[in-house]
Amino acid sequence: MKTPHKLTIINDPIYGFITIPKGLIFDLIQHNYFQRLRRISQMGMSYLVYPGAHHTRFHHAIGCLHIMQKALEKLEQKGVSVSADEKEAAMAAILLHDIGHGPFSHAMENSIVENINHEQIGLLFIEKLNQEFNGSLTLAIKIFKGSYHRPFLHQLVSGQLDMDRTDYLKRDSFYTGMAEGNINTDRILAMLNVKENHLMVEEKGIYTIEKFLVARRLMYWQVYLHKTSLVAEQVLVRVLKRAKELTHKGIDLPASKPLSFFLKKTNAEGVFDDHALEVFAQLDDYDVISAMKSWCDHDDFVLRKLSQIIINRKLPRIKIKKKPFASDFITEQKDAVKRQMNLTDAEAEYFVFTGTITNQAYTLKKEAINILTKKGKVVDVISASDQLSLKALSKVITKNYICYPKHLF
Amino acid sequence: MKTPHKLTIINDPIYGFITIPKGLIFDLIQHNYFQRLRRISQMGMSYLVYPGAHHTRFHHAIGCLHIMQKALEKLEQKGVSVSADEKEAAMAAILLHDIGHGPFSHAMENSIVENINHEQIGLLFIEKLNQEFNGSLTLAIKIFKGSYHRPFLHQLVSGQLDMDRTDYLKRDSFYTGMAEGNINTDRILAMLNVKENHLMVEEKGIYTIEKFLVARRLMYWQVYLHKTSLVAEQVLVRVLKRAKELTHKGIDLPASKPLSFFLKKTNAEGVFDDHALEVFAQLDDYDVISAMKSWCDHDDFVLRKLSQIIINRKLPRIKIKKKPFASDFITEQKDAVKRQMNLTDAEAEYFVFTGTITNQAYTLKKEAINILTKKGKVVDVISASDQLSLKALSKVITKNYICYPKHLF
Amino acid sequence: MKTPHKLTIINDPIYGFITIPKGLIFDLIQHNYFQRLRRISQMGMSYLVYPGAHHTRFHHAIGCLHIMQKALEKLEQKGVSVSADEKEAAMAAILLHDIGHGPFSHAMENSIVENINHEQIGLLFIEKLNQEFNGSLTLAIKIFKGSYHRPFLHQLVSGQLDMDRTDYLKRDSFYTGMAEGNINTDRILAMLNVKENHLMVEEKGIYTIEKFLVARRLMYWQVYLHKTSLVAEQVLVRVLKRAKELTHKGIDLPASKPLSFFLKKTNAEGVFDDHALEVFAQLDDYDVISAMKSWCDHDDFVLRKLSQIIINRKLPRIKIKKKPFASDFITEQKDAVKRQMNLTDAEAEYFVFTGTITNQAYTLKKEAINILTKKGKVVDVISASDQLSLKALSKVITKNYICYPKHLF
Amino acid sequence: MKTPHKLTIINDPIYGFITIPKGLIFDLIQHNYFQRLRRISQMGMSYLVYPGAHHTRFHHAIGCLHIMQKALEKLEQKGVSVSADEKEAAMAAILLHDIGHGPFSHAMENSIVENINHEQIGLLFIEKLNQEFNGSLTLAIKIFKGSYHRPFLHQLVSGQLDMDRTDYLKRDSFYTGMAEGNINTDRILAMLNVKENHLMVEEKGIYTIEKFLVARRLMYWQVYLHKTSLVAEQVLVRVLKRAKELTHKGIDLPASKPLSFFLKKTNAEGVFDDHALEVFAQLDDYDVISAMKSWCDHDDFVLRKLSQIIINRKLPRIKIKKKPFASDFITEQKDAVKRQMNLTDAEAEYFVFTGTITNQAYTLKKEAINILTKKGKVVDVISASDQLSLKALSKVITKNYICYPKHLF
C-alpha cells in the first residue's frame, strides 16, 4: 500500500503543524491498534466538569511524538549524538507508550480487567506489533523497558520530566481551559541536555522545572482529582463491578461483544492470552458508554440507577477533607440509603462509599530530575533549588472523600 | 431539587469562565435532552482530519449562551432596552437552537431519518420542554421562530451574523487548530447595535465583518468541506443507507434500541410522533459508532467494508474539481470495483460515487447584515464596503467530487 | 572580540526563541548601526492610539531574520537547494532591509531629510558595512537589489509576500492588540515553494494568501491609517518643517547635534555624503521627541503649539470622507484660525490642512504572488482564486482628510 | 473642553478592550502629568535583554485601572457593597499609583534624585491634582494612604495581591515573551472576596495564589534581576552619578533643562518644592537617553565610556554567585582596569563594582494574603496551604554580583 501524502502533516491546536515521518512511524499510526486510540478519551469522565476535555489518547500520543522529535533535535544541536535508528526507536516508543490503555482505564483496571495493568497490556501490544513489523520495534522495546545502554532515551519516554508528562500537562490544560496548568514546552525542551547518557536539565532551567512541578500539582488538585470527576469515575467503577457481578450470576446484559467478553472473563494473575488481547483491541469508550445507555432501563435497580447517574449527569454528593470521615456519619448515610431505596447492605455500598486520594508533584523515590550546573556538576533538582519549595512539592498529600446520594431517586 | 452551586460556572478554553444564570437556563442545561448533546460531536467526522475536533454540541450551545449574554449586555450599554424576560428568552432560544441535532446530523438526514430535519425536530423538543416547564419557553419559541415583534432578538439567534455562527467559527477554529478561521468575537459584539428593533453593525465594524465572512469561507473550504471529512461523511451516509436497506430486507443487525428503531422506521412526510421523539432523544454518536464497530465483521460485504473504512480510517480516494467528472471515468471506476470485488451495479455504487459541494460566505437572498452609518443611515454591508470584495463573497461556488477505492480490499 | 554565548538566543513574544547564527549575522546585530534601531519605533506615532505599539525596528528586523531562516528551512525540505552562502546572504539582506530608516521615517522624509528615501540610505549603510566586513555582504547586496540570478531570494526580502510584510503584519497586530490583523505565519511559510527560481505559493495555500491580503487591508484602514495616528504624523511633519524654516531664518533652536545638522542641511538631489550618513546614524526617536519637548516653551507660536499638540496629546480634529472637502469649508476653518490666533495665511496652514490617503492590499503593477497548481502550472493569485474577492483587493481606495483645531488654544 | 468620544475605548493586547469611564478618570488620563507616563518605560533597561519590553508606565496604569474595575464588579456580584464614590476613588488611586515614577526610576533614586522616592513624589503629584480637580481626589488619597475605614480598597491598590502586581506580572511576561510569568488574572479576580472589609481569597483559589507567587519569583530571577539588565542598570546609575559629580565640579554637560536641573540640585531630606515637582514632571526617558547619546563623545573618559556602554550595548561582564566575591579577585580586576585605562582608584570603581540582589516572593512581615475557608474562617495563605512550598517562597534569597570590563576599550 502506498503511503498517502495527505496524512503526513497533522494540524494540532497546540503545536501547529506536526510532521509525521514516513516509514515505520507513519505505518504504526495507520495500524488499527493505534487508530483505536481515537476512540479513547484522554481524560475519562473529566468532560462532565470541563466540557472541552474530549481530546483523545490518539491526539496525546501524536503530541508526544512531536515533542520527542523536537527534544532530540535540540539535543543534537548541543552535540549529543543520536543515530537515525535511536531516533526512530525513541519516537516509536513514545508513540506507543499508551497503546495499552483501555476505555476509562483507571476505572476499568479497578473493575473488570483485573490482575493486569495498562503498561503490561501495552507491552503485549508492542511485542505483537514487533512481530508484524518484522522486528523493527526491538530497539524501541529496549528503550521502553529501560534496558538500552543510553538511559536518557528511556528517561524521555518515562521519567519525572518525560515527553508524556510534558505533553499531557499542556494538552489537558489547553482542552480544559485551566490555563494555570499551561507549561512552557519550548523552554523545557531548550533546557534539556545529556551527560554520560543521562538526561539533564541545564542550571538556568531550574525555575522552569519548578513551574512545571507546581503546574503538575495544580492540575492534579484542580483537574485530575476534581471532586466531580472523581465521583463520576468512582460511580463508573461501580457500574462495571455491578455489571460483572450480574453477569457472573448468569444475568445476560446488553453489551457489545468485546465488553461482554471482559464482563464474563475472570482474569487470573499473569494470564492475558492472544485472544484476550485481540478482544481488548476492540474495546473503547463507545462500548462502555453505549452499554451504560442501554442499562439505564435495566431491571436491576443498582445497575440502572448507577448508569443513569452518569448518562444523565445526576451525580451524588461528594465531600473531601484531610481527616477520615467518622464511621457514625458513614453508617448514617448508608442506613438512609438502605431504608429509602429498600436495599441490602451490599447494595447500599454502591451508593455510599469512601476512599482516599493522594497527590505528589515530585517523588524522591523515583529517579531524580537532574540539574547540570554551569560547572558541569550533576545535582538533584531539590538540592539545586535556592528555596525549600521543591522539597515541599515532594511531600505526599492524602485526602479522604465520601460519596452519597444528593437526594432520593 | 436544589440547584447545586458548583455547576454555575463552567470553564471554557475559549472564553474563560462562563456563568450560568440560575433558574430556567440552569434547569434546561440539567435536562436529559440537553445533557444528551454532550454525546454529539459538533463536527461529525472531521476528527479524522483534525484530531482535536472532538468538541460537542453541548459545548457549542454553552458558548452561544455566553456570547448571547455578552451581546445583550453590550446592547444595553448602548441604550437598547431589553427586559429580563426577553433576556432569558433570547438565552433559552440560543441555548436550544441545536437541540434537534442527532448524531452526525447531516449524514443522518440523508440516510435513516427522512422527511424531517434537525430544525423541525428541535422545535418539537422545545415545545415539549415548554410543556414541562409550564410555558416558560413561550417567548423563546416566538424569538426562535422569528415571530416576536423585536426582530433583533431572532437575528441574534439565527441570521447571517448570529451568535451561533460567531461561536462555531471561533470554536471550530480553536479545536481544529485552523487558526485562520479565528474571529474577533469581542470586536464583533462591540460593534453590534439596534435600530428600529433590527440588528445593526456600526460602520466602524465593517472590516471586522469582512474578516468574519472571509474566515467563514476559509473554514468551509479548509475544514467543513475538507475532502477527507467529506469522503468520510459520504461513506457514513452509505453505511446507514445499507443498514436500513438490509433491515428492511429482514436482516437483523446488531444495533442499540434507538438506532434499530430508526433503521426500521419509514418516516412519512410530517409524521414524527411523541414516541419517535423520545427514541430520538436516546440517539447519539455512541449508537452510530458502536453499531459500525459491530458491523465490521458482518456477513454483508458492503456493510462490512464500509464500516471498516470508517472505523479503521482506510478512506477511499476523493478527487475534487470545478467541472463534473467525465462519465467514462466514472464508469471505468465502477467497472473496476464490480470486477475486483464481484459486486452488482447497485452495490458498486456504494463504493464509487460522485456529488457536488457548494460554498457561499454571504447570501444575498437572506436578510442582509445591515451597517448603521455614523449619520444613522442603514445600508447593506455589501454597498457599505469600499471594495468589491464583499460582493465577491456572495457568489456561490460549486465544485464536483468523485470517490472510489484507493486500492483493492 | 569573542562572541558572548548569551546573546545567541533572543526571547520573542511572538515566535518564542529566536536563535541568532554566529558569525556575520551576529556581528551585524552587534554593530552600532543596527543597535541604533532599538531607538527607532516601528510604528511612529501609533502609540498615541494603541498604547502597546512601542516595539522597535530592531525587534522587527530580528523577527524577519527568524522567519527567513524558517522559510529557507521549509524550502530545503521541499528539495530547493540553497547554499550556505545564499542562506547567510538572504538572512543578512532581510536583517538590514530597514537599516536606512530614521526616526518617524515617513514624517521625516516629508520634512527635513529631502531628496533621499530610506531605501537609498539603507543601501548606503549596507555598502559601508560591506567595506567594514571585507566584502562579506556582496551577495546580500545583490539579493537586496534583485540582481542575483535566483529571484526567489529577493522576493523573500522584498515582494508582495515577503518576510518583511509577514513579520510586520503579525508584530504590529500583536503589539496594537488589533487581533484581526493576525496572520498565520507558520501556514504561510509551509505553503511556499520555488519553481524555476521564482517564489511560489502552493495551490492549497490560496485561502491563506487571501486571508493575508484581507488582514493587510484591515491593518491599513484600522491601524496604519487610523485617523488619530494620521493627524499626529501630519502634525509631526509640520513641527519639523517649521523648525527647519526657523533654522534657515537664522533662529537657533535647542536640538541635539544630529538633529541640528539636518535642520540646517539642504539636501540636494543625490547628495548624501559619508559625513551625512555618519550623522544620520546618530539620529533616532530620542532626538526628535526631546527636541519637541524643549520646543514646548519656545517663543515661536507655531513651533510651540505644534510641539505641545504632540507631547501633551491634544490633537486637532480630523475628518475623513470619500469626496474632497469643499474649498468653502477649508477657507472657513483657516479664517477662524487666523482670526482667533492672529496668524498669517502661511502660519494658519500649519493648523488647517487637507490631504489624501490611499490603500491597496494587492498591486497588479508589481510582481504577482504566484500560485503553483497541483499540476505544476503557475498562475497569478487573482486568476487562481475562485471568487472575485482578490481582484477587488487590488483596487486602489483613496480618501480625503482635513485637520483643524478642535478648540481654541 | 468636551470629552472626545474616541478615547473612551483603548485597545489592549492583553485584556482586549478597556473602557475608560468618563468624568474624573478620563480627565486624569488626559492630564499632562499622566500623558508623561507614555514616555517612561515600565521595565527600564530590560529591553536590552528582552527586545519586546518597551511597554510604558502609561500602559501599565491603564491595565491596572481595567482590572480594578473588574475586581470591583466581581466583589459586587458577591454582595460586597461598593458605592459609586468608592469605586471612582479606588480607580483613581490605582490609576495614579505610579505617577511619581521618573525615568529609570530605580537607577535615578540611586543617583541624581536623592532623599525622596517615587511613592513620596507620587503623593505630591496626587495632592497637586487634588487641588486642580477641586478635592475630587480626597477619597482616593485616603485609600492610597490606607487611612480609609474599608482596608480592602487599599489592599487592592497596594498589598501582596494587589491590582498593580496582578497587572505588571502579566504585562511584563507578555511583552518580554517570558511566558512562564503569565498568571491567570481572570481566575485571581474570580477568587477575591471581602470579609469585615478586608480582602480575602476564597479557599478554592489557593493553588491560583501559589501559582501567582511562583510566577512572581520566577519573573524576579529570570527577568527583573536578569544579569544583563542588572549590569545595564548599574552602569546607568554610574553614568548619572558621574554626570552629577562633573556638574558639581562646574563642568557644563549637554542635557535637557529638566535633567540639568536635577544634575545641579542637591536634594536635602524632605525638601522637594513645587518648582522641583514641576521640573520633575518634564523629565522622562527621552532626557536621559538623549543626554547619554550626547555624552558618548564627551571629554571625560569615565562619562564617555559609560555612556557608550549603554548606547551601543557593549556591556561589562557580570558574575553572580551565592557567596560574596573574594576581595583579592575584586582588587585584581580594579588594578587591571586602573593600569590599562590609566585611571585613579575612584574612577576605576565606575568600571569594577560589586553588590547584592535579593528576592522574596512572599513577605511574612507585610500584611498577609488571607484565605477565606468554606466555613468562613480566615487564615494566612501559608498555613492554609497543604504543603510547605508557600512557606519556602517567603524565604529571602540573596546573591552577590561583580561587574568588570569584558575586554579593553
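Just so it is clear, A, B, C and D label the chains in written order, and each chain counts residues from 1 on its own.
One rule holds in what follows: a residue touches a chain if its C-beta (ideal position, glycine included) is under 8 Å from a C-beta of that chain, and two chains touch if they have at least 3 such contacts.
Please read these numbers as outputs of a predicted model, since none were measured by experiment.
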- Measuring centre to centre with C-alpha atoms, which chain is farthest from subunit A? C
- Note on the structure: When A-C and A-D are ranked by contacting C-beta pairs, first place goes to A-D
- Task: Round to the nearest whole Å and give the separation of the Cα centres of subunit A and subunit D.
- Result: 44
- Note on the structure: Cα centroid separation, subunit A vs subunit B, in Å, comes to 32
- Message: Can you compute the centre-to-centre distance for subunit A and subunit C, using the mean CA position of each chain? Integer Å is fine.
- Response: 51
- Hey, what residues on subunit B touch two or more of the other chains? 16, 187
- Message: So in the complex, the part of subunit D that touches subunit A is made up of which residues?
- Response: 179-180, 182, 184, 187, 207-208, 210-211, 214-215, 217-218, 221-222, 322, 386-393, 395, 397
- Note on the structure: Per the touch rule above, subunit D residues touching subunit C in the complex are 1-2, 4, 6, 10-14, 16, 30, 32, 35, 38-39, 47-52, 54-56, 58-59, 62, 174-178, 228, 256-257, 282, 284, 286-287, 289-290, 293-294, 311-313, 406-407
- Give every residue of subunit B touching subunit D within the complex, in rising order. 9, 16-17, 186-187, 190
